[in-house]
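Each of the next two complexes has chain A plus one other chain: chain B in the first, chain C in the second.
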Partner chain A sequence: MSELDLAALDRDGALEEARDGLSRAGFLGTLAATGTGALLALADDAGAAPLRRSDVEVLNYALSLEYLQAAFYTEAERSKALSKRAAEAARVVGAVERAHVKAFSSLLGRKAIARPRFDFQGVTEDSGDFIKTAVAFEDLAVAAYKGQAAKLKSGAVLASAIGIHTVEARHAAWMRYLTGVQPAASAFDEPQTRAEINQVVKATGFVSSAPRTSARRSPRYTG
Partner chain B sequence: MVATADPRARASMDEAPIRNRSSRAELLRGGACAAGLALAGVTGVGLPGVVGAAPSPAQDERVLNLLLMVEYAEVGFYEAALRGGTLSGELESFAEIVAEHERAHLAVVREALGSAAEPEPRHDFAAATGDPDAFADAAGRLEDLAVAAYNGQAANVTPKAFAAAARIVSVEARHAAWIRSIGDRPPAPDATDQPKSAAEVREGLRKLGLQL
Partner chain C sequence: MNRWRAIGAGVLAGAVIGVAAVALAGYGDPATPPPKRPELPPAPRPALVIPPPEGLGRETGLTRWAPLRRPTPARAAPSSAARVLARLSTRTPERTAHPLPVVGRRADGSGRLWLRVRLPILPNGTLGWVPRRAVGGYELVRHRLVVDLGEYEATLLLGDREVFSAPVGIGQARWPTPRGEFIVRNRLERYQSPQYGPVAFGTSARSATLTDWPAGGFVGIHGTDRPDILPGEVSHGCIRLRNADILRLAELMPVGTPVVIR
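And then the complex of A and B:
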C-alpha cells in the first residue's frame, strides 16, 4: 500500500472551493446506458468545445469512483469463488460500472485520469466479504455523487448524467437486500464531501497506486 | 394535476424532461455544452430535451407541484395497501417502512411549496392494492416512475429545490430496487435511469390510480 490514494485526485482543491457555491447537492451523474461505439464516439466529436476545468475535475472524480467499482466487480466475477447470487450480482453490476467508466472516459477524452491500481485484499473471493464491501462502495457512491453535483457548471452534462446517481442507489439497495440489511435505511440520503469519501476509501487500503494524469497541474494533497 | 401554472411553460416542461441550466443561446453557440450534448447521445437522452428556459422560482413551483403529486400518490398507495390488509411478511414490512419514508418526502416537498402547494387529488388504488401480486407490481411501477419523475426535472430547478429533491430521489431508487428484489425482478435493469417528462409522469400516475 503506497501513501497515495484517491485524495490525490483532489488536484484543484475543489473541495475547498466547493462549499460556497452550494447547493445543487444531488444528482451528479453520468451516464452511459448503452455503451455502443457509435454513441460513445460522439463524446470525441471534434466539434465539441472543451469542458470547463471544474467540470473536468468533478467528472474525473466520478471516474475514479467508477474505476474502483468496476475493478472490484470485475475481479469478483473473475474469482469464480462467489455464491450463485453474489456472482450474478457481480456480473450484472460489473457490466454497468464498466459502462460508466467507458462513458466518463470517452467524455473526458485526453483529460481522463488513468486507472489506478487496486488491491482488494481477498474480499472479492468470499461471498460475505464481497457483498459487505459492495454495500459500502455503493452507499459511498450515492453520497459522493450527491456531494459533487453542486460543482457541475455545465447544465448539459448534469442534465445528461443524472441517471447514474439513481442507478448507484439501486445497486446499493440490491446489495443491501442480498445481505439482509434494510435497502433504504432512512427517508433521506445525505451527501458526503470529497474529504469524507476519501477518508473512507483511504482506510480500505484498496487503492494501491495513484493514477498518472495528463493534467498540467501537479497533484495537491488535501486528504 | 391542478394547474396554476402558465400553460405555455407547462407545455415546455412537458416536452422537455431534461433541460439545460444554460441559456438557449449558449446552447446554440456550442461552447462547453457541446460535450454535454455528446454525453446526451451516450445516455440516449434526446437533444430536444436539453433546450429550455432557465430555472426560476416560478418554474420550481411547477416542478415541485409535479413531485408533490408523485408523493401524494405514493403515500396514498402504501396507506391503501396497508389498510387493505392483504399484505403479510416481507411485503407488509416493505410497505410499512416505505410508507413512512413517503410521508416524510411529502412533508418536505409540501413545506418547500408552502402556500403554493396544490391540494391532494382523489385517488383509487383498489386495483393496484387488491392482492399481494398486484401490490408488488404496482409498487415497482410507482417507484420506477418516481425516480424518472425526479430525474426528469433535475436540470429544471434552482439549486435550492435541487438540493431538496436530491436527498429524496436516491431513496426512491432504493425503494424501486427493493421491491424488485422482493419480486425476484432485476433491481437495476439499466446502466442509467431514463427520465420522464411531466406529461409522462402524470399519465403514469393516472394509470396507477391517482385522479389527475
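And then the complex of A and C:
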C-alpha cells in the first residue's frame, strides 16, 4: 500500500502503528474462525469433491473483505454526495462487489459468516475521501487474494479466486487513475498476510457493532 | 593454436547451418507433421458462480438513522459557532442507543461534515445539526408507520405496500397525541407493567402537555390491559393497540422506523 493510500485512512496514525506491529488477531480472523467445521460441496456440481476446511476458512475470509467493499460502495452510491466521476465508480464497482458477496454467500451457504455492521465515518460522503479510501480498499483486496492463493487446496476455488483477484486489480487501477496516481507503477505486487490485512482493516474503525435498541425495562412513556 | 581454433569454429558453424537447413526444409514440407508437444491440462472449472453485477435499482421509501456515539450539542446551523438547540446524550431514558433520523447533510467552511437530524425535543418537529463524527454507521429502514388520529388507525407500510393495520387508542383531548414526523427509538419487553401490554415501542414524539411526566413525557406505542375501550381517545398521549395487534406489529416493525402521526 502506498503512503498516499495510508494517509487517506490513517487520520490518527493508527494504520502506521498497525503496520509496525502485526501481532494481534483481528476481527476478520475471529469471524473466519466461526462456522467452518464442515466440508462443503462445490456449488456448481453436486458430484464434486467437498471443500476442505482450510478452503472454507479462506472463502469466509474473502467474503468478509467483500462485505466491507460492497457496503462501502453501496453507501457511497446511496449518499448521492459524490462527484460525477466518483459516483460512477461507486455505482459500477459496487454492483460488482455485491455480486461477489452473493457468489461467496451462495457457495458457503449456512457456513457463510454473517455480514458485520459498518461505520464509514463520512468517507462515503466526500469525493476526495471516498476515492482515497477506495484506492486503499482495492489495494488491500488485491494483496489479500494474493496472500491466500497459494493456500487454496481446490483448483476450482483457486480458479475462482484468480478470476476475482484480477477484477479487484482492475478496480485498484481505476481508483488510482481517479486520484491521479500511476495505476501500475511497480513490476511486482507484494501479497499481504491475513494478520496484516486484519490489522489494517481493524485500525480504520470502519467495522462497528450493532446499536442496542431493545431492553427489558418497564416503560415510562405517557401511557 | 589460433589456426586450430579457427578450424574448430568453422566445423561447428558448418554443422549448425546444416542442422538448421534440414529443420527448415522439414517444416516447409506439408507432408511432415510438426513435432509433438505435451498438451497442457485444461483450466479447472471455477467453483463460484459469479452473478452479473447487481445495480441498486430504484430504491423508494428508504430512510436513514444513525446512533449517537458521543454526547453532542445539536445546533441550529452546521457550524460549531451556531446556537445550541439541545444537548444530546448517547442513551435514551430507557438506556438504549439514541437513534437520530438523518434528513440532510452539509459541509462547513472547513470541510467538516454535518448531519441534519430530527431532534427529540419540544417543540416537536425541531430539526438540528450534529457533526457527522458524533454518530455511528447509518442504518436503513424501508418501513413507515402512519397513525391516523382521525380514523384511530395505525398502518405499517413496507415501501408503498401496506403490511399491517389495526385500530388504536390515542390521547384524550386534554393530553393530545402530537402530530408530526418521528422515529421509533427503542423496544421494551418482558416487563411487569400490564397497562403497557407485552411490548412497548418508544418514539421521539413528546407530549406538549405532560412535560413533567417521568423520563420526559415521550409517547409510546404499546399494548394495553383495557382492550375494551379501544379504539378512541383514551390515553395520556400514547398510542395503544390490542395486545394481539402489538405483538403482530412487533414482528414486523424494526427500531428506527419513521412514525408519521397525522
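Heads up, the rule we're going with is that the second predicted complex is superposed on the first by the 157 of 223 C-alpha atoms of A that agree within 3 Å, B and C clash if a C-alpha of one lies under 4 Å from a C-alpha of the other, contacts with A are read in each partner's own complex, and residues count from 1 in each chain.
Basically, contacts are C-beta pairs under 8 Å (C-beta built on N, C-alpha and C of every residue); 3 or more make two chains touch, one makes a residue touch a chain.
Predicted model only: the values in this text are computed from it and were never measured.
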{"item": "Chain B versus chain C as contact partner of A:Gly155, first or second or both or neither", "value": "both"}
{"item": "Chain B versus chain C as contact partner of A:Tyr67, first or second or both or neither", "value": "neither"}
{"item": "First, second, both or neither for A:Ala99, with chain B first and chain C second", "value": "both"}
{"item": "Chain B or chain C, by number of chain A residues touched", "value": "B"}
{"item": "Touched partner set for A:Ala81, first chain B, second chain C, both or neither", "value": "second"}
{"item": "First (chain B), second (chain C), both or neither touched by A:Phe130", "value": "neither"}
{"item": "Touched partner set for A:Ser208, first chain B, second chain C, both or neither", "value": "second"}
{"item": "Chain B/chain C common contact set on chain A", "value": "42-45, 48, 51, 92, 95-96, 99-100, 103, 106-107, 154-160, 163-164"}
{"item": "Chain B residues touching chain A - in the complex, by the definition given at the top", "value": "18-22, 27, 30-45, 49-50, 97-98, 100-101, 104-105, 108, 147, 150-151, 154-155, 159-160, 162-163, 165-178, 181-182, 186-188, 190-195"}
{"item": "Interface residues, chain A side, partner chain B - complex", "value": "22-27, 29-35, 39-40, 42-45, 47-52, 55, 92-93, 95-96, 99-100, 103, 106-107, 142, 146, 149-150, 153-174, 177-178, 182-184, 186-191"}
{"item": "Chain A-touching residues of chain C, taken from the complex the two chains share", "value": "43-56, 59, 62, 67, 93-97, 99, 105, 107, 111, 113, 132-133, 136-140, 171, 175, 185-193, 195-196, 200, 202, 207, 210, 213-215, 217-220, 222, 235-238, 255-256"}
{"item": "Residue ranges of chain A touching chain C (in the complex, touch as defined)", "value": "42-45, 48, 51, 74-75, 77-79, 81, 91-92, 94-96, 98-100, 102-104, 106-107, 117-122, 125-126, 154-160, 163-164, 208, 211-223"}
